[in-house]
Amino acid sequence: MLLQPEMPILQVRNLTKHYLPQSGFSFSGGKSVIKAVDGVDFDLYPGETLGLVGESGCGKSTVARTILRLEEPTAGEVLYRGQDIFSMNRTELKTLRRNVQVVFQNPYAALNPRMSVEDILSEPWVIHPDVLPREQWADRVRELLVQVGLRPEHAERYPHQFSGGQLQRIGIARALALSPEVLICDEPVSALDLSVQAQVINLLEEIQAETNIAYLFIAHDLSVVRHISNRVAVMYLGRMAEIGPASEVFNEPAHPYSAALLSAEPTLKPDEIGRERIPLKGEIPSPANPPSGCRFRTRCWKAQAVCAEQVPQLEPRPPGSNRLAACHFPMDAPDAEIPHHLQST
Amino acid sequence: MLNLKRLAFLNIATAAGLFAGHGFAQDKTLVVVLPEAPVTMEACMGNNTVNGRVIRINIYEPLTVVSDTTGQVEPRLATSWERLDDLTWRFHLREGVKFHDDAPFNAEAVVTEMKRTLNRDRNCHTEQQYFRGFNMTPTVVDDLTLDIKTDVPVPILPTFLSTLLISSPNSPLEEFTLKPIGTGPYKYDGENPGTEIRTVKNPDWWGEHSNVDAVKYIWRGESVVRASMISVGEADLTPELAVQDATDPALDKPYVDAETLWLRIDTEVPPLNDIRVRQALNYAVNREAMLGTLVSKDAVPSTQITVKGVLGHSEDIDDEVYPYDPEKAKSLLAEAKADGVPVETPILLVGRTNILSNSTEVMEAIMAMFQEVGLNVTLRMTEIGEWREYHNRPYPEGRQPVIVQTKHDNNRGDAAFSLQPKYACDGTNAAMCDPEIDAMIAKATAESGPDRGKLMEEVFAKLYREWVPDIHLFHMVSYARVGNRIDYVPNLLTGIEVRIEDVNFK
Amino acid sequence: MTEPLLTVRDLKVEFQTGLETVHAVNGASLTVEAGEIVAVLGESGSGKSVTAAAIMRILPIPPARIAGGEIIFQGRNILTLSPSEWKQMLARDVALVLQDALSALNPVYPVGWQIAEVFRVHGERSRKVANAKAVELLKRVGIPDPERRAKEYPHQFSGGMRQRVMIAMAVALRPRLLIADEPTTALDVTVQADIMDMITQISWEEGMSVLLVTHDLGVALRYAQRVCVMYAGRVVEAGPVREVLSRPAHPYTLALLQSAPQARAEGERLNPISGSPPDLAHLPPGCPFHPRCRYAADVCRASRPAETNILPGRRVECHRAMEVLDVVAA
Amino acid sequence: MLRYIGKRALQSAVGLSVLIIAVFFLARLTGDPAKLLLPINADQALIDEFRAREGLDRPVIEQFGVYVWNVMHGDFGTSLRRHRPALDMVLEAYPVTLQLAFTAMALVLVSASLVGSVAAYRPGSAVDRTVTVSSLISASVPDFWVAISAILLFAVTLQWLPTSGYGSDIRFWLLPLGVLVLRPFGMLVQVVRASMIATLSSAFVRTARIKGMSEGRIIYVHALRNALLPIITVAADQTVGMINGLVIIETIFGFPGIGKLMIDAVMARDFPVVQASILVTAIAIFTLFILVDLAYVALDPRIRHR
Amino acid sequence: MSHLIPVSDTAEVQPAGAVAAAELQESVRVRRHLPWWRLLLRDKFATASVVWFVILLAFVFLGPLFLSDKATAVNLAARNAPPGFSHGFLNILGADPLGRPLLPRLMVGARNTLAIAFSSVICALVLGSFLGMIAGYVGGIIGNLIMRLADVISSFPSLLLALIVLYILEPHVMNLVLVLAITRTSIYLRVTRAEVLEIRERAFVDASRALGGGAPHILRRHIAPLVAPTLGTIVTVDFAAVMLAESALSFLGIGIQPPEITWGLMVAQGRNYLTQAWWLAFVPGAAIMLTTLSANLISSWLRIINDPAQRWRLEISRKEAKP
């Protein structure tokens, strides 16, 4: 299943994005930087699906937006086929836009309500006139519609005439119009109903099978990610907690956070129904003022003094495997190592 | 419940009724409502209409006044005067007169006032309007005798001095005063800025008062509002009603206010430099039709710019008003055209908004009349700044032929004030030049003897008959609405001064 | 057997939109017994939220209209109560928790004030007592440092904390029934679990019934005792949650399970429901699910299936329920 | 907080500077005051003399320098027409205008909030339609036309009220206020209505309903407070726009306010008074805008904590 | 004026919190809407307003064609003729102090009045929305400068600004249009900027940017069409405001000057005759009022049909609406 013969198509290196809070009424006066993404590394290989999970505010959408260059990073680089996208000139960037595309979460918002489906789907060619001669647009629009499971006559309709699932198909069709190599899917199914969600997921899988497109699949729904991903990356508070093959991460999570997250996920599998949840302490800290050392330590039942002092690095867990985790006390390490008085419920 | 309601209503009704009915004063306080607020109370600005109505004569008095009936100069603060030589006049001042601040009125006070008024740095309207062109040197002979020497002969110096309002020597020399102190029958009694000005009877005045104890001046821009205020008893007197608001013959009193409305033709530009075209313009105007409609039915079609009663007004030509004869106008134009006069040239008719009430309508009517006889006339209504560009020398080179609406109010009783600027070659408002006329004007102005009036009459007659530089319209009539409580007969001077001494409560 | 706490019988709600009438709820029936948690499961357009809103009498009328049916709560038909009678019951007897706590809380008042208001509106005269009770409630729903946080405004709370505030407000007067409309949909799984645990706990402690409206099969399975599956404005299947989700009798329930990635083994392809959601303005004749149903027969196209009790406590509206049960069993 | 006010004050100062420059140069383009203030038959020599005395013959830039220098020293110049300090005249006129404007605005805010809320409670009802149409009529009538008609009706025909004039008696104020509030009232009712409709359909109003509280409390405690923000914004705009109405009202009813002063000054090319009155007005307006911002802070905790 | 921003029909989802909104929307999404003209007919007031505008258009195009002479022909015999047939059909609405019939004057004046209002509003719209788009999309120093400019314009009493500029430029129709346009610009500027700031955060704009769309492309294809309905409602309100401003200027004697005809000028001239010939001011005053009222009513209708939270009120017929 895991095919990694080539070099990565996207390499994300130390990607960092800090936001300055909006200047407004500030009684405290202090300007604390919001560290949305703080040094994230990962690779994306052709033809694979990398799932990116984490709770809201963990920075996963910011990663997507930065890779798409909808935002400029504070530091770090994203290499597309070895070339840093942030130092690209206008023409290079235009090429990049053709090859890296996006599908957004809310299909109602992602399509301009004033444009017909035909206009929406031909917009990529309006922007990139050299891709397709104008006289072929109409035919290609209808091909695309069929490809995503809609009917050709839908081209004349407007977004409000479609259901959410249909709209998401149109969004996908638009992304496919330029035949990209990478598709960033930012929560593409979380706004959809279960039955529709399954249709879209199947569609994405079919497209990948046909075109060898790579997906960066961002979601908070673990079951969807587990289903569609080859590899999974778990983010917590702007940092990467764990990254590795989907089966390993889901079946034997190395990072305590991954484990807690998985345990909280409601399941339908009969053998897992009775499973105990790992409760987390407190609330997720503010990204404006993240904990020192390991960011998860404030909620981690395994945390020790070292966790506050040293930032854990992504290391193979277990050693030698291709699953990496950033934790001083990963799940596979015996609990006995933890002094008793530091253990909590 | 019902009773209560009714009671409440009655209360309101009576309160309102009382309010409207009783006016402001059981006492003899006169309420005068003016079209405009006085700009300043300074003496040297007192010949300006808006200021004069409040302060002239009532608060400040001049040495002399001009009679509204005869045009003759009469005594006021000076009791008599004589011409010592061509350049020197001697004035004998009234005895026992005191200013409102108890400063004595004497020759010294007049000299001080002359210094104040004639100080060019003060930008005084009186100085700019009346005392240019000659210099005066006053000499105090004794307390009540004053000699004034001029550098050129000024035959009508006493007339000029009717414009010099005398204020207390204690008034500021540089700034304009905020509290007027004069010798007049009423003294300043405070104001609410922007709202009202009050005066009260000056018990020490030398003359004979009417029975008005105090006066309150207020102002409203809308003629209809002012008329209503008199009707409902909020005020007693208002000058300058618009024709259409003078609807109540019992209250509205017409007065010839020395204002004459006419159109000045630019005689220096073709086709208007041809006398036939100018005559045609005169024939084209239907003056009769405007009477009683756009202007008061009491207005008098005019042939010259001064009214009867002003020295120099020619009664000879009074009857020679151009009849309305569009056919004649057309034939004159055809004649001129045949001689190569470019009568099709577009002519600009320049009107001035608010020069008189209905000035716009009058101009629209006249434009239609000119167009009727085949002239290419367009009307352009302007406000005063732009209007002056057309009305005052110097005019631009290569200009369009222009006819300018203008008015004149010679309220000083001597046509010399009118002739020079309007008809002399170097006259500021003149648009004609004839050496012969120039000479006649100069001769008449210099004359101080009994022929003075006659000489000026000749100028007017010659202009009217041989030059036709104007399209004369009307000697205007204004209306004052006089409330039921008072007796007042407006006169020629009501336009610039409302003498409270002429107003009496019934 | 005692009367259920809540009985919804043949409820019909219509919306007038444009040229058409949308039959949002189309004869739904369900019951909630005292002290139990009942999940109403359905996709968007199934009528589950409209049913909840109808029970709370907060449907926007117009364009909405209750076209028929009755809602019996504690023996009285809610729909015929006068507004003032109903206002008396609100918060005291029945309470609601909405999905989006941020917009459901008034942004300009402190949360403590808003909770205290419940007491004040329902008879507590002392502002001080009301405030103290509010702080107590905040503590109970697990908000740390409640005295301080009571003075803060909704936007200063995280999503989970806001939802706790909403729940505190809802349970303030110990209502008999709590209607929770997608209470955790916008929340992260860890927070969702916390909130649901808390609701379950309060329900158990207070003997409070909960009508849990959700689209999440997993949530229903984990927290509810009974489930009502809604489709096209009707409750198509109802019963104990474990039984219904492990042995569905309605093809729609079955199809839902088959399209859920949670229910599929790794690498197994999802099996989505074909076709599109029902057009509520033009419902097909017969069983509304038949155009998408794998088991549809002629009878399904011809007549609407009646409500049948196939097993004790299980109710289903399907002509071919028994066959479906067999298929699942196989 | 203070920093914010400081920042806004600085922005306003920039705005004011631009305004001063604009007014100064624009005014000087409108024509020569000599032509308005000197007698009709004044010759060129007199005009030149006048210009030299008032410093109008110097290059405009130099005049501007002198003006700025003087303003910095508190000297706003002397009225060309009245020979009085321009600032005195402006400050004399201001109380009247402020009284009029604030009374009118207070009336408008209260009445529009009440009426608009009532209309918003049942959109589409007979009450709503009546309110909507009558408020639109109120926003559509030419104010000068109404003013004169009202004088004729109430003062002349019915004789209930004085025709015009300024005084402490409330009857002097009824007509001017009545005319002045017409347009802002009409506009604001629309805003209150729209804002309240939006607010009344919001989730927190539903929350309030399901807490079982009375409709009155829902409208005035929960909804109105939230609907107030857009209302305040528009009310501020209307207050600024009211200056236009004031010009008309003050002219017709003889109120000695800033509106009349300004229009007269512009008409007479009395530059110092034009400049002083616009400057003072602009300061008042900028202050108003800052106050509105502060009202936002007071009303909306979300802004406070941003 | 930002209050006039309706909840635009592009709002991402229904107003949050409408309990049944999400579900309702899901079921309503595929519904067809009534065509606009049927929505118009459902609103009696808006229908009447449109009818009035149609009549006005007839005035504008037919009036000057047949009646310009009649409108300026002086006939002192019919001076201040009261409304009625005593002086012929043209004098049905009465005649002015020069005996010129009011009806033709009203019709000829309609063209000037409407042309001034229309051109001013369009100029303000074009200028304001252009600057507003720049301020909103580009932001930064340029945006800030533009906003300060708007501050200055809006803190300058518009009547005064108009007065000053008209003195500089002469009270010609074109200049009047220019002045009125300038004074209205800041409204469009602010509204456009606010809308742009909101719309540029929408996902479809991001999608377009991700496709490589540049600022001009996004402004033209995505933002402009979405700002348009909001601006449309403001345009209609503004149309009314500009007409009133024009008539106020005429009232003060500084607007258009005779012999041109505008309604404002007619009222201003007629006000001198209120006691004798009320119709002189009443007829054009009523015309102004009807027109501004119509514009306001149409604007209010536009707001309703552009607002998904309100549009249904027109779509359901009255009888059905009763619970």
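For the reader, a short list of remarks on this structure follows.
Letters are used for the chains, namely A, B, C, D and E, taken in the order the chains are written, and counting of residues starts over at 1 for each.
FYI, a contact is a pair of C-beta atoms (placed from the backbone, for glycine too) under 8 Å apart; a residue touches a chain by one contact, two chains touch by 3 or more.
Only a predicted model underlies this, so the values are computations on that prediction, with no experimental measurement involved.
Chains touching both subunit B and subunit E: D. Across all inter-chain contacts, the pair with the most C-beta pairs is D-E.
Taking each chain's centre as the mean of its C-alpha atoms, the one that lies farthest from the centre of subunit C is B. The distance from the centre of subunit A to the centre of subunit C, each centre being the mean of the chain's C-alpha atoms, comes to 31 Å.
Centres computed as Cα averages put subunit B at a distance of 38 Å from subunit D. With centres set at the average Cα position, the gap from subunit A to subunit B is 88 Å.
Touching of two or more other chains is recorded for residues 44, 56, 58, 60, 98, 100, 103-104, 277 of subunit C.
Of all residues in subunit E, those touching 2 or more other chains are 16-19, 26, 30, 167, 254, 271, 274-275, 321, listed in ascending order. Annotation for subunit A: residues touching 2 or more other chains are 163-164.
Note for the complex: subunit E touches subunit D at residues 1-4, 6-7, 15-19, 45, 148-149, 151-152, 154-160, 163-165, 167-168, 240, 244-245, 247-248, 251-252, 254, 264, 267-268, 271, 274-275, 281, 285, 288-289, 292-293, 296-297, 300, 303, 309-310, 313, 321. Across the complex, subunit D meets subunit E through its residues 11-12, 14-15, 18-19, 22-23, 26-27, 29-31, 123-124, 129, 132-133, 136-137, 139-145, 148-149, 152, 156, 183, 190-191, 194-195, 197-198, 201-204, 206, 230-231, 233-234, 237, 240-241, 243-244, 247-248, 251, 259, 262-263, 266-267, 278, 281-282, 285-286, 289. On the side of subunit E, the complex with subunit A involves touching residues 9-10, 12-13, 26, 29-30, 202-204, 206-213, 217, 221-222, 225-226. For subunit B in complex with subunit D, the residues that touch the partner chain are 12-13, 16-17, 19-20, 39-40, 42, 120-123, 125, 128-129, 132, 175-176, 178, 192-195, 218-222, 224-225, 228-229, 231-232, 234, 383-386, 388-389, 391-394, 421, 427-429. On subunit D, the positions that touch subunit B within their shared complex are 30-32, 35-44, 46, 49-50, 53, 81-84, 92-93, 96, 148, 151-152, 155-156, 159-167, 171, 251-252, 254-257, 260-261, 267, 269.
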